[in-house]
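Each of the two complexes below includes chain A, the first together with chain B, the second together with chain C.
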Partner chain A sequence: MTHQVMVAEPVHDVPARQGKRRGDGWAAARYLTPTLLILGGLLGYPLYQLVLISLFDYGQEQASGGAPLEFLGLGNYQKLFGDPQFWTVLTQTVGFAAVCVIGTLAVGGALAVLASRVRAVPRMILFLAALGAWATPAVAGSTVWMFLFDTDFGLVNEVLVGLGFDGMANYSWTYDKFVAFGLVAAQVIWCSFPFVMVTLYAGIIAIPKEILEAASLDGASTARTVRTVILPLLRPLLVIVTIQSIIWDFKLFTQIYVMTGGGGVAGNNLVLNVYAYQKAFAASEYGMGSAIGVVMTVLLLAVTLVYLRALRRSGEPL
Partner chain B sequence: MRLRRLLVIGALGTLALSGCAPVQSASQSSGTDEKSGTLRVWLFDEVNRAPKEAVVAEAVKEFEARNAGVKVDVQYIQIASRAERFKAAFSDAKSSPDVAEFGNTDLAGYVASGGFTDVTADVSAWPEGKDLDPSVLETGKVDGKVYGVPWFVGLRALYYRTDVFAELGVQPPKTIEEIAPLARRIRQAKPELYGISVGGKYTYAMLPFVWAAGGEIARQDNGKWSSTVDSSAARAGIARYTELLKDDICPPAQCAQNGGDASVQQFVSGKAAMTIGGNFNRQAVEAGAAKGKYAVVPLPGTAAGSVAPAFAGGNLLGVLKSTQRRTLAKDFMQLLGGKQYQEKLYRAMGNLPTFSDLQRTLGANDPFVKPFITTSEAGTRFVPATPAWAKIDAQAVLPNMIQQVITGAQPIDQASSAAAQLMNSAFTS
Partner chain C sequence: MKLAVKRPHRTVAEIVTVLIAIVVAFPLYWMVLTALKPEGEVLSTSPRPWTLAPTLDSFRRVLDVQNFGRYFLNSVVVALIVVFFALLCAFLAAIALTRFRFRGRTVLLVMLLVAQMAPVEALTIPLFFVMKSVGDVAPAFGLNHLGSLVLVHLAFGLPFAIWMLRGFVAAVPVELEEAATLDGASRFRFTWQVLFPLVAPGLVATSVLSFIHAWNDFLFAKTFIISASEQQTLPLGILTFFRPDQNDWGAIMAGSTLMTIPVLIFFVLVQRRLVSGLAGAVKG
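And then the complex of A and B:
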């Protein structure tokens, strides 16, 4: 197939490598040292502290030195897994993140294709609109959406009533659990599709014209070209934007916190991060909060690894 | 192989060096007492800050004139993010103020964190200190020690629209039982109005209902707190409050997510016939659609003529333990928290003073203040004075309970039992 042309197999000079092994190792170590130091400092140490704190009863009293530390072992985890609310929130988070990821990819992908097909002026307008959404800080974006969807004074309700939907007068968009999740998901998709769109657009226009021409000369249909030429070439980019989106949407905090007033009516709209904040950090139970953080990290690593393995199994190098 | 071994040894070394316990900061007391330099002060930001800022600026000017070489740096912090700000201040003396305003419900937690310094001796040596209302000073104490000067009291009472009541020919409720039927009747006659604007997150409006019914949210026995929010008296009070959050009074779809500010805001914008509002809401109400068309009465209790116990809210001024200018900090706390500036703040903001004599003179001259003074004299209550309260508050235990009930997700018995369980686990943790 056409895309195999692009992949150059690295040539290994095996005996030479073995002979120089030691020198190479030191050189590699020297090259890697700066990265290792930065990763160790910025990632390793916080992660180590996170795991450590999660094993203690560590609250504000302990942090500011007013009370002795108590080692709990896995006590925080036991308490967490024994809380039925945690499981509800976890399920909600997974479902909500899945909707956001799929929505973001669909909207971003569709608009990337659109951008690659239209003329310069409409494309520029599309990009300006997308970059506007992208550049808006999450808190500001969420607040603006809340103004638009306000129960009493919101533009959306006013327009809907004007269009004849009288039932929408004073309609509360954040009262019902699923309506509230839907509204937040729409906001999340709105502010995260530009990243997907810009990335995929760059990928699409980078596909050499000759390859597409060759495909059409071979008599491939549009669907076939997309399936066997364009998508495989975009694959590395798709992997990146999918993983990024999964990580972002799973860790979502601001939008839920701002738009549902800290987790919705009776905590209906809690997601893991807001739950961790409410249960643990706002209540100064840092040990418990860290335990939730560790669980989230492990879950995200697992999801990412499974995803990468599934991709590798399907036979495509990244 | 050697490289990998080196890396492992390095990593293990780092672990050993950093020790196997989370960091704890040392005791915060600085021990120094400088007499010049910059005195850092944190005050809360307000919706309409200008009048507060003007009074504070006056106090700063007076203080700087009195103490040569001292500069007072006032920062206004957001109430919503106060918890993070104070936690950071307690953990790191460099980012900490010398004097701070804080809510009395937060005090127990702050003291347990070792954030504020004991000022019992300073307050008793202070000539104005003896006039402080004893029940209000009680809200500044933990285990008998004073940790702050009460700066103002916040009490809530029943606001109602005089024009609506006159038009419908109804009288303000005489007992707490009368509120719901009256509110229902008003909404029936005027469907565009909420009968009474209260909210699913408005804990301080719910508490008087529980207290009036003879209930408590928690009880202390031998120093141990336990929740009583699932007692039958407390449940009766919760039932009376949640009855107001029904479609025929204040529909859950609109009111379930309202806290105190949002509930009062409905009254301010003319969408509610009654609300439970504080003396501190006066400016907002005066600036809104209800201006000149409202009056305030104490929230009635179960017997006609009685007053439902109100929550004694309010803010204190305290000195942080980490201060390097303890004397200056104490002096500024006593200046800004003294009678002169409390009276100025009352004139500027409507904040109720914490001095009994000042309360009496002001109450005699201002009909607006009178119902609040009556409420104060009838006896006020407070939330459990334990650090666990901050936890219960942060975890939104009581708002969640109210919301479970008004959305019909759980009956009162079940919701209050669940809340009691959560409270108890906070008390014992």
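And then the complex of A and C:
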């Protein structure tokens, strides 16, 4: 990291990019002050508060100052871990995130390979369409998908009936728990595969031509080339997009909230994030909501650590 | 890379590519189409994938009746203020993190990465109370005011903005700074007259992403703006057209279209940089 400056060397000969210059510490402090203030006040302090609130019985009366705060210690956590609904929600969150991540990677990866094998014009068309899906705000994307799958006026039901599935007339896509999760997952995959596709495509075209020519000269099939040449070379990139997708899909809020109307019929479609929100802002159990938030943060922190290791391995200079 | 693909295979692949593109773009087409359909066609149990009587009625309804223009403006104001300050802070921080050597630099970088990954949504509850207290001192930054949204998006956008700009600042050769220093330019002058223009492409890409980040927010707008409907932003404006008796789908699609258009324009404008920038943010 920082190279030690040899005493005998005249100071001005030290290369700027390696040596510690005089005043660097102070200058850095000045340049970083606004950032540190903002992040400290609006990320650091709330994080501390999150943990703190989770240790109290903090409800509507306490929030308005009408009742004294009662310190519960780990009481909220005990109650939470003893609540079967929490475990259901946790399982749902993990399962839902897993489906989204696998779907996103499969679609994004397959289309990246496809894009690398076609000429510029079809590729451009695909990229433009993907760019559109990518750009669509989560709320707008959710409403469009809801309308497409609407019970009465949705195009999907009409097409299915037209194809002979008569039972699909007035079929509700948000009533059954798994169907609703599936619909949201499809929407999520639709708007998040472009990132994976574009990143992997950039990785594929960066693979030296000679390697692929050698593979094709050796008579390797496409599937074989993908499996034994492209995938291993893309591994570091794949690890990174996978972890980013996990983090992103695990903390999804907007799509679930909008498309299932705040967590589905009888809270069937809750995920941790929406669960915490409902506990805090619908039921005014701020302490309990915070405890869920802490659990979520800890889980994601673990994933982030794996991510940091992957970054380090791929040679990211920290 | 171009694999030596046999011609008939390539044609099939290209047809498949275009078909997939159509499927991917279809929801967007449907959104705009529905927004342009007259109400009778929207609320029809046998929807057609075209319309012979396009009308701006839904847009008019959205903009006039529901105060939607105000929501739109609110969203723009929040996003622009966030972009300005995020860029300023991130630019300075990126310089400090790439150009200066100081103790704690690596720790800070790791913390930024962690902050970028952290489930900021989990912080909604404490932030709600923070904004409540802030509002007692400075009402413009408290609950029910756009300032509260500016503050949170600034904080949440910064780690990513810094991380992204870092790559662009690092790409400017150190020799340039040495030459400028030899010519007698102060660090301040070097920063604003040499570095700033050179990093401009990175600043554009970063500002677009910061803008979109703030623009798309749903959770915090929903949590912080509770009772002041004139301080509402777009996403919640759209949701007001969901009604228990009958959703106004034409208006919902028109609102969604209005919300999507600015982002789409930005994406197309910076798509090349976006891709390399994002890949850069991923690969370093």
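The rule we apply is simple: the second predicted complex is superposed on the first by the 229 of 318 C-alpha atoms of A that agree within 3 Å, B and C clash if a C-alpha of one lies under 4 Å from a C-alpha of the other, contacts with A are read in each partner's own complex, and residues count from 1 in each chain.
Quick note on the criterion: a residue touches a chain if its C-beta (ideal position, glycine included) is under 8 Å from a C-beta of that chain, and two chains touch if they have at least 3 such contacts.
This is a predicted model, so every value here is computed, not measured.
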In the superposed arrangement, which partner chain does A:Asp152 touch: chain B (first), chain C (second), both, or neither?
both
Does chain B (first) or chain C (second) touch A:Phe86, or do both, or does neither?
neither
If we overlay the two complexes on their shared chain A, which of chain B and chain C does A:Gly25 touch? Say first, second, both or neither.
both
Classify the contacts of A:Thr304 with the two partner chains as first (chain B alone), second (chain C alone), both, or neither.
second
Figure out whether A:Ala63 sits in contact with chain B (first) or chain C (second), or with both, or with neither.
both
Which of the two partners, first being chain B and second being chain C, lies in contact with A:Ile53: first, second, both, or neither?
both
Scan A:Phe96 for contacts with chain B and chain C and give back first, second, both or neither.
neither
With the two complexes superposed on chain A, say which partner A:Thr143 touches: chain B (first), chain C (second), both, or neither.
second
Which superposed partner A:Arg123 touches (first chain B, second chain C, both, neither):
second
Which touches a greater number of chain A residues, chain B or chain C?
C
Between chain B and chain C, which residues of chain A are contacted by each of them?
25, 28-29, 45, 49, 53, 63, 152
Partner chain B, residues of chain A touching it in the complex
25-26, 28-29, 36, 40, 44-45, 48-49, 52-53, 56-58, 60-67, 69, 151-152, 170-172, 174-175, 261-263, 265-267, 278-279, 282-285
In the complex with chain C, residue positions of chain A that touch it
1-2, 15-17, 19-21, 24-25, 27-29, 31-32, 34-35, 38-39, 41-43, 45-47, 49-50, 53, 63, 111, 114-119, 122-123, 125-141, 143-145, 147-148, 150, 152-155, 158, 190, 195, 198-199, 202, 204-205, 207, 209, 212-213, 216, 222, 225, 237, 240-241, 244, 247, 250-251, 253-254, 257-258, 273, 276-277, 280-281, 286, 289-290, 292-294, 296-297, 300-301, 303-304, 307-308, 311, 314-318
If we count contacts the way the header does, which residues on chain B are in touch with chain A in the complex?
2-3, 7, 11, 14-15, 18, 20-28, 83, 87, 90-91, 109, 112-115, 200-201, 252-254, 256-257, 271, 387, 390-391, 394-396, 400, 403-404, 407, 409, 426, 429
Enumerate the contact residues on chain C facing chain A in the complex.
1-5, 10, 13-14, 16-18, 20-22, 24-25, 27-28, 30-31, 34, 42-47, 49, 88-90, 92-93, 95-97, 100-103, 105-106, 108-110, 113-115, 117-130, 151-152, 154-156, 158-159, 162, 174, 177-178, 187, 212, 215-216, 218-219, 223, 234-235, 238-239, 249, 252-253, 255-257, 259-260, 263-264, 266-268, 271, 275-276, 278-279, 282-284
